[in-house]
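Paired with chain B in one complex and with chain C in the other, chain A is shared by the two complexes that follow.
Right, the complex of A and B next:
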């Protein structure tokens, strides 16, 4: 076998697979979103999307979720990762338990939290029996937007913080312990050690984790759908509704393209904001 | 400036004793090398002095102050690590300044101390660069400068040269000696390389299995090892030990005879270079196995009474493998060891 073409042959199946099942549908979706939806105007689907009542709400909800969930997850993953570093015995076990939610599908996770939080759910019953509630209290309907939002944040944090944690833990393990020891010897207190040594050295990992998590957070849907249904519209939920209930593939495609553009923009923001000078890497 | 007192330090890992009541006193301004094979406890001892490792018992005093329970930063020391531990995301200047910055030293003092340390270590041209652009030797210079910039009472070094290649190590060793003499800092230096310990230290503490087996000046450790282990570990080639029988105060083997302490079976210890080569029937009968010309000398490896022995012969000697020659150790320089304990017996001045 010719050594020069062998590598290309080996990657060819993956390229063909991605081309057939990712790039082609992507292009089709983009084309579909610009088909005008029978209005004769190429941007017809987009104007229909933007003028829909739920568009503004779903855009706002999605951004609010991302802005609350992602920083919260990063902070928690950093705290959990730093705590793990201090554990000597049973470290793998703790990490394993913390990452269990990763194995649960997002819809299942949403349903579990629904069972806990709905007005006939476990938490309601428990609080009622403890005498802390007078009766079944709804938290997840359109009259209780704050608790609904909090419940969705809770479910998302529970479900997907482990992704960030794993990237952070992998990053922490690449930092030689002598850096921390040197910082200690030369007088850095724990917080200073964390902000001046650990965080800067962890920057590439934080960047990867944020890109991964932000893109996924913009695609949030199943957990939201399980907990709030259409009381809490999000972008992917709207795409789903236009596709399946309204049977309007054009507007659904417009939503899909919008989500993709937002994800790409978020990725670019992280790439630029957390750029690491290659010279400053160990 | 301060001395160090290590007082019966113990360290156990599970049931294993890594350090067994180790005591050592380092005088103000003194350079002591902790020398030993890997696993002897030297790095653990250094890390306990630094406060990076917990101890199971004993005390550490720096400048008459008990620092046993203080954080590393409050012990008034600085440390140089084996893998440099120079922060990659900071310029060389900020690395050297790190210890001063954490103490919120005024900018003027930071600048002054950094410049002085940089000058001492010849790293002024790199101050604005990042460590990734530097060679291993330059990075280690940065690590030493970072340690000296805080003007520590005590400097701890953990195998600082072992990651450098041989030539660089030689150069850095000489530079380190000069720099530390100028700074006059009390230094504890961990190494497994006996030439480093010999060349740098005022005193060498030889460690073996969690104990200090001998602590003395390099020349004493070299010439009068306290145990067969020290004799075998310090010096290249290692000291030779040959079993010999002592009857009525005279030890005899082959054609060799000397006044010896004790009675019965002994070990005769001698350095490879402290011998005279003679005719086969005179001195110890040495069966040559290998002759290696080293340029400045010829290294002969062979056996005496079935024991492996290495001696240094002058260049130009004509010996072939398989030959027998006579080896006469200098009676002034031999040591006598107990074969049971491996410990040195008192010398007899003859």
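Right, the complex of A and C next:
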């Protein structure tokens, strides 16, 4: 009996914790989102959400960010991971430095980039002193959507590429060296080795990294809020605004449910698109 | 052995559960005063050390407006009250009344009859319920802060003390042309108070109304004028939360904001600025008084103590100290001392100019909106976004937003408040 019960006892705290602080609020949120918001129509909150001025913009902004940031981060993480493989001494040090941004909170990262990029910021001042700018040049307002978007992409890439990198590095370490050596004997060039051996064997890691990163990217908020404020609405930001400023918890819950559905859908896409045949798994 | 493990496991779970249960908030008998005002560390310390001196022993804690609401709601729903006294803005106290979080305090109000709190302010404190819900605590308003450098570029015939919105637009244009950058600023950022400008200053100045004439012909003129004015406003305005920062940075020379949000700039360089009343439109120079109030929670652990603190904070002496220490002004009959610090003095002058302007029109904070205050603000902000930032046609936007406004007002059945004429039933949006 001991052997049967002990495992359950040991997982009980975690289960209770998640049940109390994750599943219960989740169910509450879903229920809240369908309360109609006083309209008598169960979808009342959803129709207010969809018809809101910022809904389309925030949906478009969020998807644009995900579509630009995630591939960029995957490419960078792969490149960084491969470079790391070649480093003999100080490898841990380089990895450590590359993952520093992971320890910085989202909002703090956003504020750091704000301090760099705003019109009275460090980069503006530096360029001005070098004579490259005529005066403080705003990059982060509604009249400069392109630079604003670029700034947010930059901040997000800086902040969260390391998440992908760590998963990729862990994956690279599981690939046996023999495959590469065999390929080299048959005359494979590095690029061919990368595309024919490394990438296929790395597929499960890429899948995990993409799921993790995509879900997080759909939840992007703090860095965007710091840099863009009202000028760059995103889905989570709208949920926050409806909750805190408009004090309409129903519409905020509808946004939360929408974000969850999008995240689940994205996860499914990656699970299907990058399915690994068990036999080919290393 | 088997049994021992089981016991150990159970004990572990039990300890965890017990651990959760024994984490209690601060001892329930303390007199806890939760405030959304005077939050910065130095101001909060002044409340503790100076303003509450002589009051019953009070634990003064502060929180931002949204967690404040959530906490009040949670305490009400759980029936477990730790807070006795709350201090917050009119608009923040308003949604707490329909929740049943606040006690009625007609008894406390009766004791304060000799304070000379204006009846109109006491009326606001009833939140449209007929019973006193909060006692006015301190007041402020929104003013214009002008960097003296901008005065050289005032358009011909304009007097900075009696500006109109048209002249402000011309001034902004002149400033942009002469200095190469747009120098007018509004706090239209995520935490800025810009909706209050639209409700309390712009709309009533053009239409004599905040709600009823929302989609009138005058409102159409107003938006067209404001759209022109906006071309002279600094493009970073949509990131400004507190105007003191762009003022101190020199990025903005003419700014509208709440007095508490320009105070640092004035304190840092009182000789660089003047404070004037906001501009006037065809229907007068409208301004919005801001009221912070003190309320007692329902089921307060120390109701008598809370009432005593309210009495203390509304004493003329304490009110004068409040103005001198934190820059919020008396709601009671009290004379400010002559030796105010120069920055606070500028603010006091600005408020006096605003309230006593010949063409002054008072626009009250929304009354009776319950928890719809946020969505009410959103109507103005959305209208601004659509017309000014997204260039949508004025008439169609006003018609669509008026529909949203009607839905909100009818939903909470709020009668009109000044400057709109009193109404039977929900305030009509014509």
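Everything below uses one rule, namely that the second predicted complex is superposed on the first by the 281 of 282 C-alpha atoms of A that agree within 3 Å, B and C clash if a C-alpha of one lies under 4 Å from a C-alpha of the other, contacts with A are read in each partner's own complex, and residues count from 1 in each chain.
The criterion applied here is as follows: a contact is a pair of C-beta atoms (placed from the backbone, for glycine too) under 8 Å apart; a residue touches a chain by one contact, two chains touch by 3 or more.
Bear in mind that the values here come from a model prediction, so they are computed numbers and not experimental data.
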Could you tell me if A:179 is touching chain B, chain C, both of them or neither one (first, second, both, neither)?
first
Could you say whether A:141 touches chain B, chain C, both of them, or neither, answering first, second, both or neither?
second
Where does A:92 make contact in the superposed view: on chain B (first), on chain C (second), on both, or on neither?
neither
In the overlay, answer first, second, both or neither for which of chain B and chain C A:10 touches.
second
When the two structures are laid over each other on chain A, which of chain B and chain C touches more residues of chain A?
C
Does the superposition put A:225 against chain B (first), chain C (second), both, or neither?
second
Which stretch or stretches of chain C touch chain A in the complex?
1-2, 5-6, 9-10, 12-13, 16, 65-66, 69, 95, 180-181, 188-190, 235-239, 249, 251, 371-375, 377-378, 382, 385-386, 389, 411
Enumerate the contact residues on chain A facing chain B in the complex.
176, 178-179, 181-189, 192, 197, 200-201, 277-282
For the complex, which residues does chain B have touching chain A?
50, 52, 71-73, 77-79, 81-83, 85, 87-90, 98-99, 102-103, 130, 132-133, 146, 150
Given the complex with chain C, which residues does chain A contribute to the contact?
1-2, 5-6, 9-10, 12-13, 16, 38, 53, 118-120, 135-136, 138, 140-144, 225, 229-231, 241, 243-248
